[in-house]
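Residue numbering begins at 1 within each chain, and the chains themselves are lettered A, B, C and D in the order written.
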Amino acid sequence: MKLTRRDLLAWSAGAAAGLIVTPIPWKILDDTSIWSQNWPWIPQPARVPVEIRQSHCTLCPKGCGLRVRMAAGWAVGVAGMKTHPTSHGALCPLGFGAHQLNWHPQRLREVRHRGNASSWNEAHAAFARASSEGPVVIIDGYPGRAASSVYESFAEKNHGEYRVFRGTELRSLNPYESWTGVPVTSLGYDLENTQTLISFGAPLLDGWGTPGYVTRLWSEKSGGVDDPQLRIIQIEPSLSRTAARARQWLRIHEGSESALASGLARVLMEQNLVPAHPPIPAITISDAAARTGWSEDAIQELARTLVSRPPALAIAANENPTVAALNVLLGSVGARGGIVRKEKISHAYVSASAAISTARAVLIDSSVPWDFAPQTDAEIFRFAAWNGGPTKADWLLPAPGFLEELTDVPTAPALPVETYAVAPALVKTTFELQSAAQFLVGIDSSLTPPEKTIHDRCADLFKNRSGTLHAPESIAIAKIESVQQLKEQLWKGAVWVGEASPPGGLKCELKEWPPEPIPATAAGWADSWQAPVLPPLASKLYIESNLRDAPERRNA
Amino acid sequence: MSARYGMVIDLDRCTGCGSCMIACASENNVPSLPQATARTGLTPLLVRKVSNGEDGERRRAAFIPIMCAHCEHDTPCVKVCPQQAVEVDKATGIVMQMPQRCLGCRYCMTACPYHARYFNWWDPAWPKGMEKSLNPGVAVRMRGVVEKCNLCHARLHAAEEKAAAAGKREIDPADYEPACAEACPTGAIRFGNLADPDDPVSKEARSPEAFRLLAELGTEPKLYYKSKEAWVRALAESNSARNSEVQHG
Amino acid sequence: MRTGRIAIAFTVGVLVALVLGWVVFPRVLYVKKNQPVDFLHKTHADKSGIADCSECHVIRDDGTFAGLPPMEKCAACHADKIGDSKAEAILVNNYIKTSEETPWLVYSQQPANVWFSHAIHVKRANLACSECHSNYGESDQIRPYEVNRISGYSRDIWGHSMSRLRRAPHEGMKMSDCENCHQKHGVEAGCLGCHE
Amino acid sequence: MASSTLMDARWIARGEERAPLSRFLLWLAPWIVLLAIGVYAAGLCLYYGLNQTNMDNRFAFGLWIFLDLGIIALGAGAFFTGFLVYILGRTELKPILNTAVVVGFICYSGAVSILMIDVGQPLRAWFTFWHPNTHSMLTEVTFCISCYLLVLSLEYIPLLLRNRQLKQLPSFFVFEHQLHKLVPVLAAVGTLLSFFHQGSLGGLYGVLRGRPFAFRTGFLIWPSTFFLFILSAIASGPSFLILITATVEKVTGKKLVADRVFRRLGYISGLLLALYVAAKSIDTLVWLNFTSRSEGFAPWQFYSHKPFGTPILFAEIVVLGLLPACLLIPETTRRRRWILLCAAAMACSGVLLNRFVLTVQTLALPTLPFDDFLQYRPSWQEIASFGGVIAYGVILYSLSYRYLPLFAAPKEGDPPHVSGH
């Protein structure tokens, strides 16, 4: 029997008819659609329970309180700690993506020496040799930590130097340090009591200081309030975020902030709006008007506004002695709502400048901004968690990233009160990391390791019996029963807050009206951000939307 | 007891910092792809910068967070979806987008007057290892589907589960707050149950200060705004984009 | 004659398709995998006096479901071998001594986009485990895990019956099965209720 | 070569004269290239996803939706001719019927294939049938277009089976004959389905409450665009058939259809166009004065963005609507072939412009007070897929023309010219 074409056709028709009543077409239709809902190249989150841990952000010295969602030993989400006494549940926008930073493609995962892979042993040997051959300069971007004390002792023992890189908030306090002798780390702005706040370009509502501290005050006392108890007057050449939301935005010519401050001082003195009579600035009101692009009337009106609702406080974007002198004139130094001294006086740190004359080696802590490039012939040991691009450093040493090491969190810059908190190592690490402090302790085992220092500091806090623990309910430190209990609380995210010091105790007189500084501006968090890279999600702000301009330095 | 979740956003308190946008993306496992642009990126919550159109020192700016308004009546996206991938949840009033049902026809995107819906033009991807940082409560969407604000429904799930375990039928309102409201450093974004007359947010939504964008379309959005600044309110309530100077850059 | 021949060819075609679809296809579509350890629920229920599923499959205080018990739970009794079965040796040597989690294959594994709350179904609705999981707890034989080659789902989601017409009462965990049960109990969940 | 020519000749209908195979292949070659590029582009879109297009979150629909709406409107000639011939008994239009079926099949299958690329997850497209949302215009469109494509296939198959070689298979012949008897039923079903999906395509935009430029009120659940789309589609369909047939006549150099068939089609097209223009004008006035204002939008603002000014509205209604209608209705103008063809082309362009305005302008216009007017430029992949569909149409039509009796004179003598309306 020969099969014909006709048989084949009939067979095919039968097979097709039969196929319809089998699961084949229907199951394939169903399964392929299910496959498209779960196709395998898309990562799906692990099915693990989520646990909430409280801690502190250590990416920059502002120490905002964190509420971290943890799953399987990894951070899977970050939010602000609502009960935090200074950051009040706020974070900078980048903080919300910080848990992804540890996997940033630019993460430093191995020791690198002049562009080549190296090892910790070689780095140790190189640093030990260098420190035996000559002085070592250690630069810290986050003073006051237990790690900082390691650097200080190392520098002291090895005839080296310990220097601190100051952020813009600290730099704005520099003039008072030189006039009063109180170190900037012991000075703060008492914004809680300020009524009139005149900002010379400081991005007050855009990440300045501890973001939550300022924004909470502003939103409670000013934002959308008819009769604000805190009036922000923003002096700035362009309509910044702060200018947009300030009570008043006063446009000014680029770089004429100091001229305006001097002009205001002149009006205050000439019209006897303030009692003090320090040296009179050389600039006349008409000069100031010409420089700023304002009318003389406008300057006079602003001067009257400044004294109409005391206390008034002027804040500069950067180091600006004329703005500081204006505060002296307004009587805001050492007064409520002005510049205050914290209870505990720390000692002054040498400010780090780029020029380093004589050193055999420079060690830069991971808290120093990536862009800080010392001009020196010395061998540079650069600790960093992320590689921020081309660098002059000889050694790149992978430091712990976000929440990867135990560290303490001392008072944030420019806060009016002392605080102390601890950020334990919350997340797992997958490769070999060393912080600069561990590195130094590894070289000189007689140094006190940071863990020991943190324990000692807790013991001191317990002994002193002063201040309050916020954990999250407030507990007076006197009610804490043991160092162990205190430590437990701190490890769970509690914050110790010192007693507010009484106003006064800060005397400041001007011998001469300060000269105008070279203009320097500050951007918002982009400038105070200490990490060399941004979390990938930051692209939502400057690429996937038009909300912000892209920062100049960006590593995709 | 059926809830009607909604928000009131105080524009006078919004500094345009963008914390809400990142918190939202992080909570909902929204990827940041290097290929994405302002027109193709995924921003279920988008803060837009607007100005009064003036120049020089008379220029003023404000920030308007835009997200799904969870329209209550004649919801434009719900009625156009050919395969029931969008629905108004009866119990919560949340307009729920189901990426697993969605076939990616994008009809709902053309229907939405707020442009609050986003298409996954690419498959999501994260740098190596970063998938460990994904939020366990939220399934990652594949390419070719539409997504939008689901009011952080994973948090609602967690709250419901917690209530069930404790033997309660109703969730504790303290357990359910979307990531944007939680993240807002100035408390500008406030979340609450509009069906509860005692809820402070519900009261605020009913106050004369509150207004909605494109309210005249009649879709009853549950996203309210408020502002004391006359120009902001005038701009937000005008239905016409007459002012070609308007900048959201 | 000619029509007869056509009819025969047609019928053969139908038969071939039927055999292919109902006999060959299911075998090709699903891959069988064995569980890492021959675990028997019945043995544990009978011999060690574990009376309730929730002794091992815990609903945590926050309402989340722990699913399969972690290794420590097994190690609590099986720190050393109990008896000398082959399964016991595998458990103790390969997992407990290396303190590695046993890579169990979960028959009722739902995909990432499904949100199923045990707390709501067990604590609020008072459903017995067996309502969905059948009588696993009494099984005296471990069955292989079958996975769909295309969709990657466990066969339990579709159910063993290919036609889904003659299914055991608790067979199948597709969305339509959830919907049927919800309808039966008059509980409305909406999309939001079960998807993430 | 010789043997292939012979093979080819065996498939061509007896008594028909066709160009040599080599010339035919030469004609096809560029279209095949275009189709290949189109298929490649479509493959890219399917494999890599819609990131291959230049559409974005606000311009979520683009060139392809315009293509779909456009060719489906032009393809309306298929159902409408069937309707005229079988339901209304206008048998004088029979000579054009086969062409109408082929053109319809091409338009609809082209639209469906583009739709399959245009969705982000084609593997899940069948969910529309399994979990339909009956309130969605798109559901109606999907159901009707799928069903109508099936109807068109059933109408196309008898034509296919009338091929000289296939006709020799006896069972096919019987099948063809049986199927042929079904044709009037199919025409009726096709009419019903087409009526709904043409309307639903119009409703697609008309229901968009959130897009005040497109939103229309209407009758029951149907916005006015529902009816306008039906009317404009059946007005342009016959004109498109005129254009296609005239083009084929030009290309082949043969007289295929009697002039009076052309004129009849032109007359029908003109009448319907006039009706459409009237309805469209009323609709526009209602929209300008009531619908748009009730949503709080001053309607003229929609025309304040260049290049979408009021000239477009004028062109749509007057230049490409009223004018061709005026040319098509009077016998005197219609008699001149060039006027007839120009008017038909204008009528088709007018309807295409209407589809363009509704799809593209609607999306380009701002809705929020701080939105921008948007522009979008299709990517090469979109354009190539578009071109691929055109090429597919040309190729399928060419093949059908060569091997199928598209214009075979019907044996049952032509009825006399029917006069008067």
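As a working rule, a contact is a pair of C-beta atoms (placed from the backbone, for glycine too) under 8 Å apart; a residue touches a chain by one contact, two chains touch by 3 or more.
Remember, it's a predicted structure, so these values are computed and weren't measured experimentally.
A summary of chain positions shows that the Cα centroid lying nearest the centre of all protein Cα atoms is that of chain B. For the pair chain A and chain B, the distance between C-alpha centroids works out to 29 Å. Inter-chain centre distance (chain B to chain D, centres taken as mean C-alpha positions): 40 Å. One inter-chain figure worth recording: chain A and chain C are separated by 50 Å, centre to centre, where each centre is the mean of the chain's CA atoms.
In terms of their C-alpha centroids, the spacing between chain B and chain C amounts to 38 Å. Within chain C, contacts with two or more other chains are made by residues 60, 62, 64, 111-113. For chain B, the set of residues touching two or more other chains reads 37, 41, 48, 100-101, 123, 137-140, 142, 158, 248.
Along chain A, residues 32, 35-37, 44-45, 47, 49-50 each make contact with two or more other chains.
Going by the touch rule set out above, the chain pairs that meet are A-B, A-C, A-D, B-C, B-D.
Per the touch definition, chain D reaches chain B in the complex via residues 49-51, 55-61, 118-122, 124-125, 127-128, 130-133, 135-139, 142, 204, 207-212, 294-298, 301, 304, 362-363, 366-373. Per the touch definition, chain C reaches chain A in the complex via residues 5-7, 9-18, 20-22, 25-26, 29, 60, 62, 64, 66-67, 111-113, 148, 150-153, 162-163.
Those residues of chain B that touch chain D in the shared complex are 35, 37, 39-41, 48, 50, 64, 66, 74, 76, 79-85, 101-107, 109-115, 117-123, 142-146, 213-214, 216-219, 235-242, 244, 246, 248. Residues of chain B that touch chain C in their complex: 87, 89-92, 94, 96, 98-101, 137-140, 150, 153-154, 156-158, 160-167, 169. The touching residues of chain B, counted against chain A in their complex, run 10, 12-19, 21-23, 25-27, 29-30, 32, 34, 36-38, 41-43, 46-49, 51, 56-57, 59-63, 100, 123-124, 126-140, 142, 158, 179, 182-183, 185-188, 226-228, 248-249.
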